[in-house]
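Below, chain A partners chain B and then partners chain C, in two separate complexes.
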Partner chain A sequence: MPARLLRLPSRFVATLALAPAFAVMLVVYIGATGWTIWISLTNSRMLPGNVFVGLRQYESLFANERWQVSVHNLIIFGSLFVLASLALGFLLAVAIDQRVRGESLLRSLYLYPFSMSFVVTGLVWQWLLNPTLGIEKLVRGLGFEAFRFDWIVQQDMAVYTLVIAAVWHASGLAMAILLAGLRGIDEDIWKAARVDGLKTWRVYVSIIAPMLGASFATAAVLLSTAVVRLYDLVVAMTNGGPGLASEVPAKFVMDHLFERQNLGLATAAATTMLITVAAVAAPFLYWQSKRQRLLAR
Partner chain B sequence: MRRVGVMGSVAIEPQGRKPRHMTPARIGIYAFLVITALFFAVPLYVMIVTSLKTMDEIRLGQILSLPLHPSLDAWRKAWSSACTGLNCNGMQVGFLNSVKILIVSVPASILVGSVTGYALSFWRVRGATLLFGAMLVVAFIPYQLFIYPLVRVFSVIGINNSLIGIVVVHTIFGLPTMTLLFRNYFAALPTELFKAARVDGAGFLRVYWSIMMPMAMPILVVAMILQVTGIWNDFILGLVFAGRENLPMTVQLNNIVNTTQGERAYNVDMAATMLTALVPLIVYFGSGRWFVRGIAAGAVKG
Partner chain C sequence: MMRRTAAAAVALLWSFGANVQELKAQELKAEVIHWWTSGGESAALKVIATEFTKAGGVWIDNAVAGGVNARAAAINRTIGGDPPTAMQFNTGKQFDELVEAGLLTDVEALATEGKWRSLIPEAIAKATTRDGKMYAVPINIHGQNWLFYNKAVLEKAGAAEPTNWTDVFVTLDKVKAAGLIPLAFSGTKTWERNLFNAVLAGKGGPEMFEGIYGKRDAALAASLEFKDVAETYAKLRGYVDVGSPGRNWNDATSLVIQGKAGMQVMGDWAKGEFVAAGQTAGKEYGCTVLSDKGGGYVMGGDVFAFPKLKDPARTKAQVLLAKIMLEPETQIAFAQKKGSIPVRLDLDTSSLDLCAQKAMKWLADKNQQIPAQELLSPPDLTGAVEDAISQYWNTPSMSADAFSAKVASILKASN
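Right after this comes the complex of A and B.
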């Protein structure tokens, strides 16, 4: 049976072809994560130590002022950024869906920031928000002498400037995903709603928005991954300042790994990030896998 | 008024637009669209005009005004003589580094991802389902968990701070997205195609190269757009793994702008920023709807 003879080596090649992926999964994703978690349970400082100290690194982490500020900032940034981007994205998608002129121009305008790097975004907004030469100066020059927009150098406002820049960067993404969702909705829904005499905005709020659940979820997940990864934008725009005012967890880890050489604290912080992500992502992944299984049928 | 068969009405009415009454609601919609369009467009506009001004003009504090005497001096300086620390060779250094990183990383990550996606779609390898499930999950893990162990391992095998190192890193972290992209595409193809090729005696690589990849052109374009913009825009991996000799453009840009001593040359800063943004912008405006497709396809992972 020649066919059988042929199949065996091909099976083997297929296994071989998956070997790199298996290796990456085991060594990098599982191995490295495990190693990081292990370091966080030891007395490591500059070099990895092998003395198990239980959760002591976590105790000093949670007592660390900079970490507390970072977590606080991430909560503010994360919730405002995701909500604002979804809201703005939805409004833009609905407005564009009204058969307006110049649709494709508008769409590319809303989305282009997303194609650029967070470093670029951060530097542009740092320049726009520069209190001596930026928007503040411009508005004062127009005669509004008392105008103040110096958030980027204000301790309690700096984190909001990160939100503005990030919303500018990413709300086009929410728009694109939600617009695709809107375009996929059955025409008959609109006909039925019109027969019932519902106002257009009413249809959007009560019927269309709930139908876009999956699109909203997809956009929210994509935006949330950007929240956890938030690092480049902060480095470029405020570098965590003024003072500690705009520090974030990812930057805490990086600085403690490389500048402050405190491995134990850095890995404890990284592990805490992982646990947070897992807690947030687990329900979504469960839902996703259920949906995939349904689709597969 | 809405969605009354666009095609139909266009075909019936011979010429010209439908004389539509501008209701207050429609005026409101256009006003909203224009204001938001300004919010999105102004930063790019400011970036460009600032880069064309002289420093004397910038000190006037009119960030929205057009340059009085537009000049490309700042661009020239940003490209060839802006300083990072003691090195004053401009952004061209970072640009070349980024190009080098891109040229190797993009094909490498797409090759590994497409082979893996193909093997997962058509071949019954033990543990494949588990591998696929794991890939859905690990794409969510923050980089901070891997960085220290990878740096250690890379320095032991001697590829830390090197071009090979950064290429390997991009391939590793591109693997989940690329695999999912190709797997989902291949999974939607009819299995008969694969079976027919197998009956004709084609082996693993033959089916991949002669049947599957030619059919995968659309997803290949999407993968290229995703990887080119993603790798070009990367900051953190380049910062950690590329080494001082190979720092990508984004890292160099941040160094030039944020570590300047004395008065900052905002025009040079903005020119350097524009230079860094140029490649993804060209990809974006050149690829049109493909970019959106890329996002939608990448969204499958999440």
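Right after this comes the complex of A and C.
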């Protein structure tokens, strides 16, 4: 009887303790998201208004060339960035996994770029890639007059320079996560592979990599969030140029929110981003929860 | 012991000072949001702050770096019910919606009393007036389409100082032949648009400029004259260096200052860079506005707007601040520091530099002036046109026809 009396208040206390966090989530996340969606259905310009115009903002959004370019760029950037970071991160992790001397130093070195902000990363790479200041000038100065590396000023190559800088920034993170996974692999698997006479690279590719599925998934999710919010790197590095060549959706939203005083179009773009992310994330989350349920069984 | 006494004395003095400030603050406290953070800019703003303090006000400086950020901060606070005393805008349409929403207080009484409309150029007066009432105080005028050139470079290349968009190419060719960068350029959207606007004003003329950005005449954008402008603009691509994309405007100016480049098209704020390098207008560098049809000085500038406030003391501070901004002493001292020119036409401007003198001459003649793009178009139209211009500049394969069709469709969509 006393135990039952105690249980009720404890649940009540727990609910009470969680209430502020719940309220914040409700107001800040759900509330602000709902409001953003509502504004995207109005003709708001500088100030939020309540004149309903249906899907007109979305019509002009999808007809907007800059938006189309932005989405296209994000797809290119996103797929290349995640794949390249994972691949490079895996190679770095495998390299360190060979029990090399000075391992901790190397690990810090590889992870170091990740400690820098995207703004600093963007600025550094802007200088490095600038044909009159950076790598091109250096190599030409060494006597290779015909050397050309001016991607950042080429319209069709600028988006790849973003990938280079972002991969440099993030592959250390992928390495750290994958290295932790590698260290968790049972020594017996190596022994068994050696008994079977398998080559080391073959073990990594065919046995170890598939076993690191969870680590790869974690790294991929973390990297993907960087893709969606890609903004500061672009602003610091190319500012969307040359022309519209390296524009991205988040920058479209920010520019239209403030500088161009077009809340309606900006929120329509933000809502479109949200729906897209949800459409990609939902199946993944479903798959994960199903897997967990299976594992729990 | 000594130290403690001294500290107590300091604390006492400090609190006394704070008390005095509090007393004054109750009278005329003005919190001003602005984006003037660079050396010359903040020196210029200090002129207003000093005059305001002299007149018995208390200046609370709220500088936010970057025009976009400063405006966003000021607008958010105004909507949120905690407006600043005064906030900076560019002369033009940036504060339209605040007026429509009834969030700004007008300065019409002051304007009538001080006969401001007879003192300032008509285009500027028009840009600050909504429904017959003045809603912002213009503080300065910036010419946006100056051509600054390094005199020594032109001389060495044997080139003449250009006057219009035809002979400028002769000069550019000669500088190119001399192995230098002909046109120093900052390849970012803002300055790509600014260069285009300079060609539009000089080659197309004032009527074309106002027809496109003011009347949003789509037929005009499809005309042969507009295509001529577009082709002239495209021709300039051949005179910039490979390092231009993404370069800052002041880095481009310093190429001209150092004699690595011949010239730059830029607003008169670039003069600050020449001054900082110890150069004088007319001596080391020259300035002109390229014009094929006569006239074409593109005028923009800055204004301060005053949100509606409940506290009568702060409203009084607004009135005092507005008055001080247009005082002759403030105007001249401000323009000297900022590199701009005064908005008042009745001042003795002999203390300003050679370029400013030229500008004052154009200011006296209405036919010489063009209101800047932001005086004519709302920000989202300006942005859409900017995207089109940037795309055109960076895509050499894009024809002038395709570009003018794009501009025409943007203008049509905005009507």
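We adopt the following convention: the second predicted complex is superposed on the first by the 269 of 297 C-alpha atoms of A that agree within 3 Å, B and C clash if a C-alpha of one lies under 4 Å from a C-alpha of the other, contacts with A are read in each partner's own complex, and residues count from 1 in each chain.
What we mean here is this: contacts are C-beta pairs under 8 Å (C-beta built on N, C-alpha and C of every residue); 3 or more make two chains touch, one makes a residue touch a chain.
These numbers come from a predicted model, not from an experiment.
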Side-by-side fit of chain B and chain C on chain A, or clash: clash
Touching partner for A:Ile185 - first (chain B), second (chain C), both, neither: neither
Contacts of A:Gln155 with chain B and chain C, given as first, second, both or neither: second
Partner chain in contact with A:Ile207 - chain B first, chain C second, else both or neither: neither
Chain C versus chain B, contacts on chain A by residue: B
Contacts of A:Asp255 with chain B and chain C, given as first, second, both or neither: second
Partner chain(s) touched by A:Pro131 [first = chain B, second = chain C, both, neither]: second
First (chain B), second (chain C), both or neither touched by A:Pro113: first
First, second, both or neither for A:Leu80, with chain B first and chain C second: neither
First, second, both or neither for A:Gly243, with chain B first and chain C second: second
Identified clashing stretch of chain B versus chain C [23-31, 59-67, 113-121 or 257-265]: 257-265
Set intersection of chain A contacts, chain C complex versus chain B complex: 132-133, 239, 258
Residue ranges of chain A in contact with chain B within the complex: 3, 6-7, 9-11, 13-15, 17-18, 20-22, 24-25, 28-29, 31-33, 35-36, 39, 88, 91-92, 95-96, 98-100, 106, 108-120, 123-125, 127-128, 132-135, 137-138, 140-141, 168, 172-173, 176-177, 180, 187, 190, 200, 218-219, 221-222, 225, 228-229, 231-232, 235-236, 239, 249-250, 253-254, 257-258, 263, 266-267, 269-271, 273-274, 277, 281, 284-285, 288-289
Touching residues (chain side chain C, partner chain A) in the complex: 68-69, 71-72, 75, 79, 94, 96-98, 101, 187-189, 241-246, 378-380, 382-383, 387, 390-395, 413
Chain A residues touching chain C - in the complex, by the definition given at the top: 45-47, 60, 65-66, 126, 130-133, 150, 152-153, 155, 237-245, 255-256, 258-262, 265
In the complex, chain B residues that touch chain A: 2-3, 6, 25-26, 29-30, 32-33, 36-37, 39-44, 46-47, 50, 58-59, 61-64, 112, 115-116, 118-120, 123, 125-128, 131, 133-138, 140-150, 172, 175, 179, 198-199, 201, 203-205, 229, 232-236, 240, 250, 253-254, 257-258, 266, 269-270, 273, 276-277, 280-281, 283-285, 288, 291-292, 295-296, 298-299, 302
